[in-house]
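In what comes next, chain A is part of two complexes: it sits with chain B in the first one and with chain C in the second one.
Up next, the complex of A and B:
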């Protein structure tokens, strides 16, 4: 235990305060070319024709690429986990969000690359976009993907399902049913370092890829797959990220830079503008969460029904994973023995959404905590007491059938109450995480610890 | 055109409308000022121009010809941190580090013009500098400490190094 309680210096602190930390943009490469991408001005459109010939002939332009230049254009960030690939690196026939890259240019400087973009002509057939995922299931709603409005690969199901206990019975026995709809919005990560990649083609045929990624091995895999190159042809240099917060888990700039570097046989840098960051980089997902709780008049939550819609944006990326985490945490820090959860990953014509600091969980926690306060209000009960009463205890079983060994809801709530000057009644102040007994073991929780029969959590 | 950058007088070939940020980073290889937004919004490119903090991304070279420019590379060195640098290091004010250069230049200018470390004046001095990691608390604390002289640059390195006879303890005073 040398680190706990010790005041350790940041290993990168001296470099940060002397300006010596090398971010991707600080790496120097002789003969550098600069990249700009042509991005879709439309939220949803069919691409009828792309003509890059004038851009290719523009003085100072060294390479132009479209989907035809990508050895394997369509990829999926979670393909290795069995999530089918669905996202083109460069748009092929369709654009599904405003800002989607269609073509990219490498030129002697940024101004020349920008000029070249103006010389690329794209003929679009605009379509009506879908922005509100609540409308995605309506007949006649705009189509984002031909296979339907949702990600259809949760085992045999189109949705992430959790079934535990007897929800019908819980709602029959309830004194009150408390309903709520919660809609946490999208959040842009806004790292101060914009998305940046530098790719140097080496004489031995390898590519040295300087990346701002938070997920080096993800990025290596994604680039190797697009380029159809073995991993030993790619040397990734990273580890210094100028802020990521999840947004740099996506492989957003390395692959296009690599293709341009191969084509031009020159080092290529792509540094996104702040406008591109806001327009085209992925965000935290917006969600639509409907909760209905079967509650007794003395504040026990007997059961919960949940419908969640997760706005994936135009492509899946990590959405199915985020929704699964969301499903597992949908009872919050509380013990609810009977649950029925349906969650859908819904596509829209927004930018694809991605990882951001506990994604999937933060959204459901937001909904659950607001809902707990709402229940307390409906019952006229102290919101601290409602939470402590239903708080997870040792041996309680979560909706996804994890038996809790060391839950911390009770001590955390007690500490929080003390910090904000809330005086808990003695029985709540002395409460612990030990297994339930006496008044805190009502009939509906008896046997909950072992209650796994007839449940499904897939 | 000429600039004196961190004490070195330099003749430049960039055109007069090139941004000072571009000149520093691309022509001179001075990379502590960062291209965060390139529209004056984030503060990461801030440098001292004749002692005044300026957004290098918005300043055309022609407007500052002959000026004296100081970047973080000119504030101090690894073995001789300036009070602001030492305070940022000691008090964990740099997290990802990308906004740090601009923050430190603004803080340095604040102290040079007599800032004494009251919270409200620090917030004003750092206004327009965006940090997405820290929540600003550590930064404001560090600037306050530097302004009040509650930092001993010479001790920073020694404090963090393993002490003779204490090989098992990484930091002086840490529990074994």
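Up next, the complex of A and C:
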């Protein structure tokens, strides 16, 4: 019997529904200490002084750490791609969002750890925060980072650019220009299992890290870099996650737990509270997307101008990656020969945003699809026909010059129309993904297929 | 005051694997002395079922029954690297890694079987846990016996390693263009939302979602449907309910508990109708492409288009809460026309909200 294609039950389904799956929080270690973190109450402030001495002397407290205890405090998730590190594990001199960790405590129980937090004194100098990214370049606006309001490392540019074809000409030739603004908001990942780590310092000097990460090797790399340890000193145990959705790509609890375990030489667990999970963990990013499409009266999209502002929150994390992905997919499932795209990663004083299901593209799909519906309304056209007419076809070229080999915009739309009983006109019902010809190869798309660098996409 | 019905469609595409590639997954496979198979890979199963899918792939690539195969993704000592469970890469890239490892192990099985059966390995095939001679199916040896022979007769271990990675695709920062395709594959989907809008309360109810996904080839159709339906609920939350910042951009009034944050629940579940299309990818395992992430991308715009179809207003800030729908109904904003320009949403645009100097900075290139 072939296994591929079979409706086999999930490997771990029975254990999940009968409560027999072992999550990180179910792992027991003798002599366990519990962790609590002191987090910034301010959106933006300078830290004038931190005094942990009273917390260290509190009965039951076994370790207290601040940025001074971290071998390499500042980390960047995209350093491998040449993006400089910008995010401290524990705040150093500044806090840039409410909830940012400043110090952490390991104690015999959670109540003692909480008490110890009360004994840490931090002197802040509050500053005006920035929340509306549209105002980031306004004179006098607060700046989140010293290098300026936006991420400056798209090669020599401060914005991700896409340029293809003759956009000016397309807008000149257009019968109608449809403009709209789309603002998909931030949401939480809402995992049932909050961020949790258990770190056991072994007798041989290794650290066993029980982790709910979505990416064991990635998180192992993050911990190794902060702790400046080779990979053979770390063993990640994981592979089972109580809900991730992108939020557990962040290595949120492992590193601080590991530092406390090393300092205390005891097993340390850090299980975020539900409140921390909601208020201090990362979110999906909010986006601001402005689209202007140059269209003909019979529904061809000749060109598109796009301005995207990506609200990164206080630190970069994966934002520039997400914005580049957004840029690559900003024409949606359609072929638009002339485009001009500028996208900015803008910092604000909110929790850093991170990956979430559909990262970078969920936002642009929202904008593009609503815009398509609007164009159809403005032209008085059927929204199905507008989409099918401009649909990706074999041989079409994307804004970043990838030639499409087997797109299926047309068949998925035809199948959906059939399922809901939408009667497509015969020319749309019989349409295929085959290379354009005849009426479906208008003048503005002739030669479009030639503008590639020889890339073949699937 | 009445309830109005409307329908909206959205069509989307989504890449498989990390944007710009360069994201490896690795795996290794070993056989126990009775032919049972252990697979080691660092791919985390976040509930999507990657362990099951990888096990299915190994079973077929090796030619053994599914229940002979056990996958271990529990730790970084025994499992090799997987870049991570994100970017819709598990089935395609992780799946290829375990497939390649199983294919190497299969070659080793055929090699040992050839020695035992005194037949050229090229003339042997494996199916259902048995090695047999092509054209002479009665000349056969179980994979269990082959593994035993490897262990006890030849003193060898049957194993195989595999790694999958597409090279990093550089982007031209001036034009955004690439010279290598920056993804493993692209999946496509269409979603039709049927909604009911109450023009008195602004409440939107999704009655039905019809969703068509081209997933290349469904390694496990039940799990594909799980992704489609789970994704639909996340998309519904994104489109109608959830807000980390209810008064964005203000950071105030954030929900700090389940009772103060509206994630979708079973009572929000509409009728869901799934269609799986199979347009096989060229080099995914058994033609597979991604389904994971894209499954929550099409509902928000389909729902917002359906709201317009129902009551004639565009809600372009997500989620389309009752408050936003009511405000739009009260405003009944028509687009501004300026020559051939038709301008929607001018009041929330950068040009309107930012200072002239601030807006100019975003336009400066």
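As a convention for this text, the second predicted complex is superposed on the first by the 445 of 458 C-alpha atoms of A that agree within 3 Å, B and C clash if a C-alpha of one lies under 4 Å from a C-alpha of the other, contacts with A are read in each partner's own complex, and residues count from 1 in each chain.
In the analysis below, contacts are C-beta pairs under 8 Å (C-beta built on N, C-alpha and C of every residue); 3 or more make two chains touch, one makes a residue touch a chain.
Fair warning: this is a prediction, and the values are worked out from it, not measured in the lab.
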item: Touching partner for A:245 - first (chain B), second (chain C), both, neither; value: both
item: Chain B versus chain C as contact partner of A:179, first or second or both or neither; value: second
item: Touched partner set for A:25, first chain B, second chain C, both or neither; value: first
item: Contacts of A:307 with chain B and chain C, given as first, second, both or neither; value: second
item: Which superposed partner A:194 touches (first chain B, second chain C, both, neither); value: first
item: Which of chain B and chain C A:14 touches, first, second, both or neither; value: first
item: Chain touching more of chain A, residue-wise (chain B, chain C); value: C
item: First (chain B), second (chain C), both or neither touched by A:271; value: first
item: First, second, both or neither for A:5, with chain B first and chain C second; value: both
item: Footprint overlap on chain A, comparing chain B with chain C; value: 1-10, 12, 190, 240-241, 243-245, 274
item: Chain B - residues contacting chain A, complex; value: 25, 29, 31-32, 34-39, 41-42, 44, 71-73, 76-78, 81, 85-86, 88-89, 92, 94, 96-101, 104, 130-133, 157, 160, 168-171, 173-176
item: In the complex, chain A residues that touch chain B; value: 1-10, 12-23, 25-26, 28, 189-194, 240-245, 271, 273-274
